[in-house]
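Below, each structure is written out as structure tokens.
In the two complexes that follow, chain A is the common piece, with chain B as its partner first and chain C second.
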Partner chain A sequence: MGIVGYAVKKAVEGFFTIIAALTIIFFLVNLAPGNPIYFIAGDPVFLSPAVVEYYTKLWGLDKPLYYRYFVYISNLLRGELGRSYRFGGPVAQLIAERLPLTLSLTITSNIIAFVVGTLLGLLAARKQGRSTDTTLTVFTFIFNSVPGFLLGIVLMLVFGVHLKLFPVAGLMDLKNPKTGIMLYLDIAYHAFLPILTLTLILIPAYFKTVRDSAVQQLVEDYVTTFRAVGLDDSKIFRKHILRNVILPPITLLAVRLGFSLAGAALIENVFGWPGMGRLLLDSIRERDYPVLMGIYATVVTAIVAISKVLDVVYGVLDPRVKTGR
Partner chain B sequence: MLLTLGILALCVPYMGLPYFNSMEFPRLAPPSPKNVFGTDHLGRDMLTRVLWGARVSLMIGLCAAGLASVIGIILGSISGYFRGRVGTVIDSLINVFQVIPAFFLALVFLVVFGSSMYLLVVVIAVTTWPMIARIMRAQVMSVKERLFVEAAKAVGCGDLRVLFKHVVPHAIPPAIAYSILEIGAAIIMEAGLSYLGLGDPNYPSWGRIIYEGQPYIISAPWISLVPGAFLVYTIVSINLIGNGLLKVIAPKLAQR
Partner chain C sequence: MSETIPKLVLAALVLSLFATFNVSVTYASTGSIQCPYKGGSLVIIHIGDPKSFNPDAKADDPLYAVASNLFNKLVTLDFNYNVIPDLAESWEASPDGRAFTFYLRKGVKWHDGTPFTCKDVKYTFEAIRKYKGVAYSLLKLDMLEGITCKDDYTVEFKFAEPNAPFLGFLAWYGTFVLPEHLYNKTEYTDWMDPNIPELYKPVGTGPFKFVEYVKGSHIILEANKDYYAGAPCIEKLVFKIIPDAVAAMQSFLAGEGDVLTVTPPLSEIPRINATPGVLVLARPMPSRYFIAFNMVQEKGRLTLNKDFRFAIAYAINRTEIVEKAFSGYGFVAKGMYVPAIAWAYNPNAREPEFNPAKAEEILDKLGYRRGADGMRYLPDGRKLELKLVIFQGATTEAMAQVIKENLRKVGIELNIEILELGAFQEKAYKDKDFDISITDGFWGPDPHNMHLRFSSRGTHNLPGYSNPVTDDLLERAAKEADPNVRKELYWKAQEEFAKELPYFPLVDVVGFYIFRTEWKGFYWELPSKVGIYVYAHVWWTKGVPVTTPTATPGTTVATQPTAAPEVVPLLSVAAGVAVVIVAVLAFALIRRKR
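And now, the complex of A and B:
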């Protein structure tokens, strides 16, 4: 099978995966007990039937389920995410407003975690069995077991409340608003703690992957040969081992980026960061189903797209992958 | 480590501590000899609540992980053994669940159907089984090529008998080790969901207590920090056990 055929196959697979994932959520949400109108407008006792009827018509809730399902899917295929129950505005616009804020957190922290985790992993492998290695392993193990939101709370208490080094929550300083370049610096200042939290939570995975594969590389023949020839360790690590261990953490980075669209929700909640996660939680609380499903569709599409692109890239890099297992 | 906690959790009802919802103490009192971990905003003793929380969190973790492994092991074995149409269907199910962020799906589930302890267990299990199913499938696929399986077939054993009597016992150990890690993951997930206020409001789980302590985080940080410390302690010990087991049973998987 040629690489084009393979890519097409993966794309088709991805397409159906997305549709299946969307179908699950559609029926979950639409079979839910309770009319969303009552959640948003209040008790039916106080609503005039005309209002209820108007919104039922407007949101298409009077149509049968299968009809709504096909409308939903076909709208999505055209990139139309519908309108928010709460704000009335298009969902796509809401998401577009919040997305950059979330991405600025997750991309930054993932990249920092990738770099730091990889370097620490290499360092640990180099000092394998010694105290540096043990300390790093223990620390990452512990951070791996700490729920992100808890770490966030602790960091907020330490740096925000007691040391007063960083703002506790929010996106910017509302008391004395800044303009121009200072505004961006202010946002970055507020983003510090959420990014730190996310980074600390993400490092262990990168560290472990890199350390374990580097340790495996150390016993390979080529390392022994280089050592015998008299190459010093730091050069072996920089030039040769790094190349051999860098692929798995890159894969991890790509996968994580997909998931991180939604994954930061808890931490955004701790720090009051108005990103996608907050939008998601708010829309869940307010039963704003179109927004909920819009975010869901965005996230799932991103994850599937990234994983399928990775599959194809691997297919190009390593033809054995294509023929399978 | 974990054992002491487990025993404590089992014994709480008989230890003569104040009832976990009784509000007989001063509000937001800091830790003192009378209330070792202080009290919360309703004047409830934190020591009792945290220990009851251990009960709730551990139980949800155990049940959810147990249910997830049962689903995962059964579906994984079937899809690994029958590579035909059934296998494909289960495979694609696993794939679909793998692209849905589990936490996201669990959130929606709880919001849509309301929250209770049983539902939490089911929701966590339903969203986390694919991991175990994948491991089980890979294991079954490799075990079923072995000679003794062919022997069993030659003697005339039916497919299901071969699968569950001969293949599964050989394939199951790594899945079990993963199930133990899964307990930790389930506890974290429960804590996260409860932290968002989606837990069972009637019982104090650790996540729930942290959530309730959040508004007082500056004036009374112990409300959130004490259960948080217990949470981390528990998960670290569960992960240690799980990883240790994994290293013994399946060194190859542990290295990933």
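And now, the complex of A and C:
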């Protein structure tokens, strides 16, 4: 099978994976207890049969579930995500507004975590068994176990409230509004603590992957040979081991980037950052089905697309993957 | 000992509230704005994003405070929940309670300069009727016969039957007057058509004009120099959106805001109040937590027995609930309606007080004997068990625990079922699948709220209660034009409720007003002068003193460039660049390996 045929096969697979995933999510979301109209009415004192009837008709909730499912799928195939129950506006626009702010947190922190985690992993492998290795392992273990929002609150209290080095919450300084380039710097300043929190909890995965595979490489014959011929240890690491261990963390990064579209709801909440995560949480709470399905569609598509592209790239790099042998 | 401290603090806070009334500056009558100082931006730490900028379409608490500063109602509520004039200078109701005539303020302008007239009022309420706005059922617009503009400044509402609660609900929620000339266009399908620009950039008649909204971050308004009551003293009003209670409080304490409207964790109140330059005011609200007994007729349902309901009420220690679930910041709810709506509150219709011995006595009399395990059993041998259904939340869950312990002491086993809000609505309100349930809610602004909550024809009848006596009293009160007769009917209904006890009042919620004292002239300092949530009269002690009443020379303020549209592309470009760099690095590494 040629590489084009392989790519087409993967694309078709990806398409059906997306449809299958969204089908399951659609039914899960719609079968959950709770009626979105209650949330439009807010306090149930506002609820009257006339209001319920109006919104049931407006949103097509009087139609059977299977019918709504086919409407949803056919709209989806035309790239139409529908209108939000709460906001009334198009779902695609709501997502497009939030996405850049979320990605500026998640992509930045993933990349920093990738670089720092990989370097620390190599360092730990080199100092295997010594105090540097032990210290790093313990710290990454801790950051791996601490819930992100808790770490966020701790960092906020230390750096924001007590040391007053960084702003506590929000997107920008509203007491003394900035303009021009200073506005962007101000936003970056506000993004610092959320990015730090995310980075700290993302580092352990990269660290662990790199350290363990590097330690494995150390007992390989080629390393012994290089050492025997008197090659400098740092050169062995830089030129040879790094290249052999870099693929798994890159795969990890790619998959993480797919998930990063969903935002980091709890951390965004702690720092008052207007990202996708908060939109997702609010939509779940208030049963905004169209927005919920729109976010899931975006995230599922991104994850599946990235993993299928990786499959194809690996197929190019390593023909064994393609033939399955 | 430690339990008494919060109560003392609370007492001090309540006192400080009344103290501020005395120090407030004397203002001219009928709410015209007086500014000892001018300038400044007031930053409110705000609970969340509005759903849209149509304030009448859906229940939208995050919009309400913003809309109150952008728009006006015909009449509004002041801090004491009294109806005060807004766009209507005066009004009269016909003796039969079916017609209401409002005399509108002259010379009011929309923010785009168009004069405000009766046709805006007519459009607004016809749209609420047509598109089932949030106030539709409370205003009884299904009974509306018509809205007539007698001239540009006189409007008459006529109903098919008397509608006594109309004025109260008109002053409350979802009744802001919308600009007819901008909304009423043939190309729009309805008033939430995404093509209506005013859904994103609202145009109102209120004291502040819309400047910008960055979703999830903030809303900025600026002073409307042409406001009917005079130009507001402050230059800008900023709503900074932080939904998380802890983050909102920390942001406020770090000086990032001047007013905190997101209720902080109650245990933090003393610390906030102790912060220099910050004041916390507190008062009881017409919002109440209460127990609803399941009153739907069904064979073997224990809560249908009046004596049994009283036994449960006697067994519950509400002081303990206030201390454990509210950290002391709550009031044991007295009476069958809320004291905060003073005219309608009957102080003589009292609920049972905590008296476990009396509860035991009733339960014994009912034949529910204690078994070997100390719990009570029904005559047929089944254990005396009840199902309590509540919605999620630290407060409700703590309340449920206290009640469970209280009931265990008198031998009743309570099984608590905690549901997420959407599921609670379904199970408790719709399916009535509980023995007892706890809920909260706003009981004002009109006692007609009792009809909604406890009449068999009410839309919001959690107990599923049906009693011809109270149904009739509440129905008659809703149709009675004479306020004294209305009061009499509501007082009688409360007496009947106290006798039958289909619900049991638990705790009246405390409202907190948390702000920096360098700002003065808040609505809580100016009852009867200004509507709730309106910041038009606020002034800053660090602003520019106004010495002479002469007009200040044209203050040209450089307007902020709107941030949102620029931020977004830059950030996405940055993200894109980062991805490309990583891809290039990875590719280079792989190439070199080969």
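Structure notes:
We adopt the following convention: the second predicted complex is superposed on the first by the 307 of 325 C-alpha atoms of A that agree within 3 Å, B and C clash if a C-alpha of one lies under 4 Å from a C-alpha of the other, contacts with A are read in each partner's own complex, and residues count from 1 in each chain.
As a working rule, a residue touches a chain if its C-beta (ideal position, glycine included) is under 8 Å from a C-beta of that chain, and two chains touch if they have at least 3 such contacts.
Because the structure is predicted, anything quoted here is derived from the model rather than measured.
Applying the stated contact rule after C-alpha superposition, one finds that A:Q216 touches chain B and leaves chain C untouched. By the touch criterion defined above, A:L101 lies against chain C but remains apart from chain B after alignment on the C-alpha atoms of chain A. By the touch criterion defined above, A:I246 reaches chain C but does not reach chain B. Of the two partner chains placed by the overlay, only chain C lies in contact with A:I111; chain B stays clear of it. When the two complexes are overlaid on their common chain A, residue A:V300 makes contact with chain B while staying clear of chain C.
The wider contact with chain A, measured as residues touched, comes from C rather than the other of chain B and chain C. Of the two partner chains placed by the overlay, only chain C lies in contact with A:P90; chain B stays clear of it. Within the superposed three-chain model, A:V146 lies in touch with chain B and out of touch with chain C [touch as defined at top].
By the touch criterion defined above, A:N269 lies against chain B and chain C together after alignment on the C-alpha atoms of chain A.
In the overlay built on the shared chain, the residue A:D232 is in contact with neither chain B nor chain C. Looking at chain A, you'll find residues 32-33, 153, 156-157, 161, 269, 285, 287 touch chain B in one structure and chain C in the other. Taken together, the chain C residues at the contact with chain A in this complex read 41, 43, 48-49, 51-52, 57-61, 131-132, 134-138, 142, 173-174, 192, 194, 199, 214-218, 220, 238, 240-244, 246-248, 250-251, 253-257, 419-423, 425-427, 429, 441-442, 449, 452-453, 459-460, 560-561, 563-564, 566-572, 574-575, 578-579, 582, 586, 589-590, 592-593. Chain B makes touch with chain A in their complex at residues 92, 95-96, 99-101, 103-105, 107-109, 111-113, 184, 188, 191-192, 195-196, 210, 214, 217-218, 221, 224-225, 228, 231-232, 235-236, 239-240, 255-256. On the side of chain A, the complex with chain C involves touching residues 32-35, 38-51, 54-55, 83, 86-90, 97-101, 103-104, 107-108, 111, 114, 153, 156-157, 160-161, 164, 167-175, 177, 179-180, 183-184, 187, 242-244, 246, 250, 253, 257, 269-275, 278-279, 282, 285, 287, 317. Those residues of chain A lying in contact with chain B across their complex are 16-18, 20-21, 24-25, 28-29, 32-33, 141-142, 144-147, 149-150, 153-154, 156-157, 161, 209, 212, 216, 259, 262-263, 265-266, 269, 280-281, 284-285, 287, 292, 296, 299-300, 303-304, 307.
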